[in-house]
């Protein structure tokens, strides 16, 4: 199962979904919004995506993980929109008869998701400036006045 | 935090406990009761432990994991007594600023727990026979009449 | 042919719009689209060397030709997760 | 000295009790305890080569000497998790 959602991620529901009498191991990964990046303080984060492609890539990741490991179930959910500190932006839940497969698949899924799925986050720092996060690309902060002109 | 409990493991409470504004990653591992071992069907499992030593070993594991990785929080809970199919026998929850540390610590904790913590499980198979599980030691099944004489 | 390029994140912010309409020769490649985009939207010039493009929701190399009617998107380095 | 050895899991099942009281010489080692246990509780003989012992909640090697009053436990291969 894959999903993109504007609502808080319900990790209990995900755990319940992947738990099975056929599985001996469940691994859940949650990516949560950190308050500090080095010494800079985050006020909140906004996530946006390219919906058609993000769904397609997430579905490809699920399929590939199921081919590579013996998984009983697999669920990937990414949150979109405004996130406050401490909230989960992404959840990966996998179950398997054996824990090695569950750990490997969980780690591969989040590592690969972060490389290929077209989702972007924008930091709003404590001082109100905003900044799109693009690894390898220095974008620099935008002040609030400039920023308010775009969605 | 470490705990041994006769009650069902509350994984939501564990996730909430380790989630923190300082952590960007949470990894939860659940070991759950499988119905099938090869072609044999399990009716239920019973776990017992050597309480003083199990608590001490779990606390040592938590301390060692916190020394080896940069963890924000760490919780290990093992269930004792009778478990039905699909229930969690063990939960390991770790949070960290970075996901690599969270995955490594989670995997090391469950791998090491399974090697050193004095906890034992007894299978009750679908046919009513029981069998203590001791890796490397062939114990063989005990029929229900024999078994009822001990706790 | 007319090609509509969807923009996201910093590319959308720099261009000040969600999408750009370009006129490209039939059989144009992603490489040609990249050049045309830099010429028509100078604000994007600094980031274009660092972005990927997608055609019909798949990452596309620079030598990929664009079919008429294809869905084209500019994909800055992703930061989900 | 009197040494009380706690039994768990299959060892408890085979012996039919939770603990065994042994009389050992002062300064006896885990190795001597292992031999004494096999002699006094023959039902345990088959598993004793495969079990560990703990003294005061720590795993103890065969050459470890047992202090009077120490908490000793027989630890069959563990299967938690």
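As written, the chains take the letters A, B, C and D, and residue 1 is the first residue of each chain.
Convention: contacts are C-beta pairs under 8 Å (C-beta built on N, C-alpha and C of every residue); 3 or more make two chains touch, one makes a residue touch a chain.
This is a predicted model, so every value here is computed, not measured.
Shared contact partners of chain A and chain D, listed by label, are B.
For the pair chain B and chain D, the distance between mean C-alpha positions equals 25 Å.
Centroids of chain B and chain C (each the mean of its C-alpha atoms) stand 51 Å apart. Centres computed as Cα averages put chain C at a distance of 73 Å from chain D. Under the contact definition stated at the top, not a single residue of chain C touches 2 or more other chains. Contact with two or more other chains is made by residues 31, 110 of chain A. Contacting chain pairs in the structure are A-B, A-C, B-D. Against chain D, in their complex, chain B makes its touches with residues 31, 47-50, 52-54, 56-57, 78, 89-90, 110, 113-122, 132-137, 139, 142, 147, 149-150. Every residue of chain C that touches chain A in the complex is listed here, in rising order: 6, 8-10, 12-13, 16, 47, 50, 54, 57-59, 71, 73, 75-81.
Note for the complex: chain A touches chain B at residues 11-12, 15, 19-36, 85-86, 88, 95, 97, 99, 102-103, 106-107, 110.
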